[in-house]
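First chain A sits with chain B, and in the next complex the same chain sits with chain C.
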Partner chain A sequence: MPAYEIAGLTVAFGNAGARPALDGVSFKVGAGELLVVLGRTGSGKTTLLRSISGLQKPAAGRILEDGGGPQGPVDISSLPPHGRDMAMVFQNFSLYPRMSVKENLAFPLRAKALGLSAGEIEARVSQAAETLGLSDKLCRSPTELSGGEMQRVAIGRALVRRPRLFLMDEPLASLDAKLRERMVLEIRGLQRSLGCGMIYVTHDHVEAMSLADRILVLDRGKVLQAGPPEEIYRHPCDSRVARMLGRPGINLLTSEEGGRMGLPLSEKRLLGVRPESWRVTADPAGPAVASVVEHLGPQMALVLDVQGIVLRVTAPPSLRVKAGDRFRLGVDPADILYLDR
Partner chain B sequence: MNQGRGAPARFMSESSVRNLCIMPALALLIAFNVFPLLASLGISLTDFNPIIDTAPRFVGMGNYRDLVESPRQEVWRSFSRTGFLVLVTVGLETLIGFAVALLLRRSFRGRGLFTAILLIPMMLSPAVMGSFWRYLFNADYGALNWFLDARLNWDGSRALAFWAVVIAEVWMWTPFMILLSLAGLNAIPETLYEAAEVDRAGAWFRFRHITLPLAAPMVLLGIVFRAMDTFRLFDTAMVLNGNLEGQHTTFVSVLLHARGFGGSRSLGEPTALAYLLLIASLALATLVLRYLDHVRGVGAPERGRRP
Partner chain C sequence: MTARGQAHGDRAAPFRAALLAAYALISMAPVFYMVVTAFKLPADTAALPPRFLPGLSAPENSLWFRFTLGNFRRVLSDLETLRYLFNSVFVSVISTALSVAIGSLAGYGFSRFPFRGGRDALFFVLSTRMLPPLAVAVPISFMYSRLGLLDTRFGLILLYTCFNLSFTTWMMKAFIDEIPAAYEEAAMLDGHSRLEALLRVVLPQAAPGIAATAVFSLISAWNEYAFALTLTSTDAVTMPVRIHAIIGDNSGVPWGPLAAASTLFLLPIVFFGLMMRKHLIRGVTFGAVKG
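Take a look at the complex of A and B:
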């Protein structure tokens, strides 16, 4: 399976003065790597996928494919979508509505260029259907399926191709939370067993953390940071990345606020403390007052007021607490993130 | 003492208000639909003649028997002629309309203007349009013969007259099929084509498996409308060729007009013919409605997700 390198990808829509949808995006996808592109709506993540697949023509930049052969990386940016051997799963599934599930799965295999025999197609389809638990749904029409089943058909349609690279555009966005959790595991397992590269686009940081070999954080058309999930979580390059991961969100304090709370300071302007980094101790004379208490099962989420500074803190459920209780707070200096902006 | 505004409402119950509102419509329906329907059924069983002042005689199914068994089979021939007209006209309108819609779907400069111009024929009155075509078709000084440098005779006694009606109808109603086809085509989500493109589907494959099946319900609706409309075609044939019997343009409604208004015969037989036409129309409409229900059930659009 080849590795890919995206270099200086720029895509502009509409008038020349507008901010480009993608602005010099560069990154690499290793062979068999699952890269998650994390970004908010409008960050350019879908445009990025469409450019890699060839559906969107970039204004500048190159897409290089390195199959590991002696000829080295090949520039594939001028190839049409069907020449790139990538499979894409769309956010809205895009199943062919007048075809049965089976026909939908077989569709990508029927292209003449592949030259597959009917038997081969049949075998691949039933294998994919079995992998995805769709064997008993093969004769149904897509309109009779549930959201999760439709999504599995869409994934199956990408799967049968055995592409060199998977492109997934928020495939789980329209599914309910429980199903999404299960599908994340399924996708992860499938990608591992196939051993092919995958670029997975999402705005959901939990999805990103649980899937990714590496996360690429995209904001307003630019790459903010790229790295393994724990690195992005522990060492975000700035407050935008820090805020994007973790729920409840990170507490960002100015150095003045940090000073008031007696935290060790550095020359950086911002301090970030994750909710779980705080050590909470009940103390009737403590400076922190609980204003909101949420029981989330495995943990409690508190909103604390420390002399006018509002903090989000998680605590073990063994800590009996109600609104109005007072606390003492502590934090390991190693858990404090110092950020420029 | 304050009874509020609710009090006068009790003057009439809700159901009597409802009945009162339905009454006028019901009265109109009875006066202008049900009564004529029954009256004409009665007339079709007599030899009623509005010109001769004698009491109509009851003839039972005699009029119907005469129609069906007429020696020249003019009734059956007009029915089959009409059927053939529907087949040819609607077929051509659909083919041309869908093809033009496919072209119009791409964006190009002046598409709006071009589409508007294409739709003009549909906006004209059939009588006016018929008159124009009559001049164009004229055997001696018509523009068509001048263009073709031929002396084609489109007179009603010639088979060519049938095709004159086809040409005029297709010219007039193809825009309608363009419009419906465009509506069907524009409703196809773009991502399906993108998915197909990534899936390495060829142009024919995309057309056969995405464009055609997804635009089909709308096109079928157009076909149904046009078939019903063409089945009762009268104006174009009348303007082009008059209401003579035994011509190549004597469609069912034309024959009905010829029998009803063309001579001094009894009104019983034309009324019976009108009844046959009514039964045929009802049968056609029932079939069509059944089919539309079927299409609606099967062709439900892809379950809407976020675009």
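Take a look at the complex of A and C:
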């Protein structure tokens, strides 16, 4: 049973002729599901979150919440942000600079509508602080915290209220890579243990793959594809989605190029082969010439030239290669993606 | 900063200090003379050459005058003057509180909700301040007499609130423009209504701006003369009008009591200004950070 359903959400900024920021976006989020919205800058990710949260008024579309009650899904599109049972974490950690960490964490609980007692607020704040390892930082000012700590406080502020749905707007984008990796695991664990729904927006495909129950690929305000990470990776609906996942990126060949390489063709216009799908065999008489060799540790990334066709290929490091070496290439037909466009 | 710049600053410092001291001396001289006059006997007020130094006696042709508190005693024992001083405080404080409160809300609205014609509306707000007060004094006093607002403190509060509103709206808009909307959006997502977000997150951050706006608004209400003169007669008279009345007719100006009343009139605003000094400086430079 989906907890939330977004139906035909459309948001337009500025003049009527311009491309809408969101164009008929529809999807569902399950009660304990972590949905990652993956898209490039300007794809409408942030606008999507702002619309769901109520900060942005959509031009069209509905947001339905199914609380499991007998009345079924309820349209919450017209509720103000504070009337929706959601919490949001922003990319640029908006902590209140004039409040201590403790006051920041307590702030959502002081909302009149909640009507919590001082004791209850205290208890919830210390519980959240403990969960996030902030107990000894409660009296600090936000300006004295590191980037990771600030973002922890921001996440803590979202979870003290125990909302039904978390909205995360690239919460880790301004952290360094190592910290980001750790926070991804923390967020995943937190979401699991709370059992709440989460919509997590990012442009980082690795973050998306490691977090998501399901990925929704957004491009220029439209949903391209939605599904489990593996499905998106293995069966992208088109070349835009295919290109968005995987590093090094997928090799896209026209059917003419595929024919020249002797690959099995179909009626589709494009062939996609992931770098790791190629079988690389050293062969002094082979058609492929290595032009760039990068050692990435667990694997090697090669750039190969096959009669003018440039391919990115990964190979195990046991294969000793230097630039200029020649290879034979093979691929399992089942690993070839056939795409319309 | 380079070492050269530092050295340059050090060499210029005494010069700058001297310039500031000279300027302070020139601009404070009339105020000083007024305060000194407030402590003089009538005979000393018009003496030539002028006498500056308070003493127990006033020898012939000296700078000394005989110190007296008589002028203050006379002004403070005059119940009318005291009442008018109270009128000034009452009208200024209430109208300032109202115009800052309403101006903050209006400024927030103009800052956060761009709407069609918003800039024109903002200009219209400002235009209410463009006519010289005396040009509108006649129609306003006509309206006030019909509404029974002539010579009432409420009437003055209403008027001062309105004419300060243009100023407070513009200033508060500028201050609120500087506060990122992300803070109140976060507050709203934290479950607070927009009004709660405004009161708990936006306005505390705008505190220096509010203080600066309040000082300017208070000063303009405190000093207002034209409307107070035309719209009040006995009950709601404020100090500027009263001080003018002390000058009286041509039979000779009572300099001592006049100076004492003016000094009393000056004190509250100076005190308030000093109290707000820190905010005032922050407030005035607040909008200058980003162009």
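Here, the second predicted complex is superposed on the first by the 339 of 341 C-alpha atoms of A that agree within 3 Å, B and C clash if a C-alpha of one lies under 4 Å from a C-alpha of the other, contacts with A are read in each partner's own complex, and residues count from 1 in each chain.
Simple rule for what comes next: a residue touches a chain if its C-beta (ideal position, glycine included) is under 8 Å from a C-beta of that chain, and two chains touch if they have at least 3 such contacts.
Note that the structure is a prediction, hence the values are computed from the model and not measured.
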Here chain A is shared; do chain B and chain C fit on it together or clash?
clash
Thinking of the overlay built on chain A, is A:86 touched by chain B (first), by chain C (second), by both, or by neither?
both
Return first, second, both or neither, reflecting whether A:185 touches chain B, chain C, both chains, or no partner chain.
neither
Applying the document's definition of touch, where does A:74 land relative to chain B and chain C: first, second, both, or neither?
neither
Classify the contacts of A:174 with the two partner chains as first (chain B alone), second (chain C alone), both, or neither.
first
Kindly classify A:143 by the partners it touches after superposition: chain B alone (first), chain C alone (second), both, or neither?
first
For the overlaid complexes, name the partner, chain B or chain C, with more touching residues on chain A.
B
Between chain B (first) and chain C (second), which does A:94 come into contact with in this model arrangement: first, second, both, or neither?
both
Where does A:107 make contact in the superposed view: on chain B (first), on chain C (second), on both, or on neither?
both
Clash-bearing segment of chain B relative to chain C, given 2-10, 56-64, 200-208 or 272-280
200-208
Identify the residues of chain A that lie in both the chain B contact region and the chain C contact region.
53-55, 80-82, 86-88, 90, 92, 94, 96-98, 107-108, 110-114, 157, 161
Touching chain B in the complex, chain A uses residues 50, 53-55, 80-82, 86-88, 90-99, 107-108, 110-114, 142-143, 147, 150, 157, 161, 173-174
Can you name the residues of chain B that touch chain A in the complex?
189, 191-192, 194-202, 205, 209-210, 213-214, 299-303, 305-307
Residues of chain A that touch chain C when the two form their complex
53-55, 80-82, 86-88, 90, 92, 94, 96-98, 107-108, 110-114, 157, 161, 167
Tell me, which parts of chain C touch chain A in their complex?
180, 182-183, 185-194, 196, 200-201, 204-205
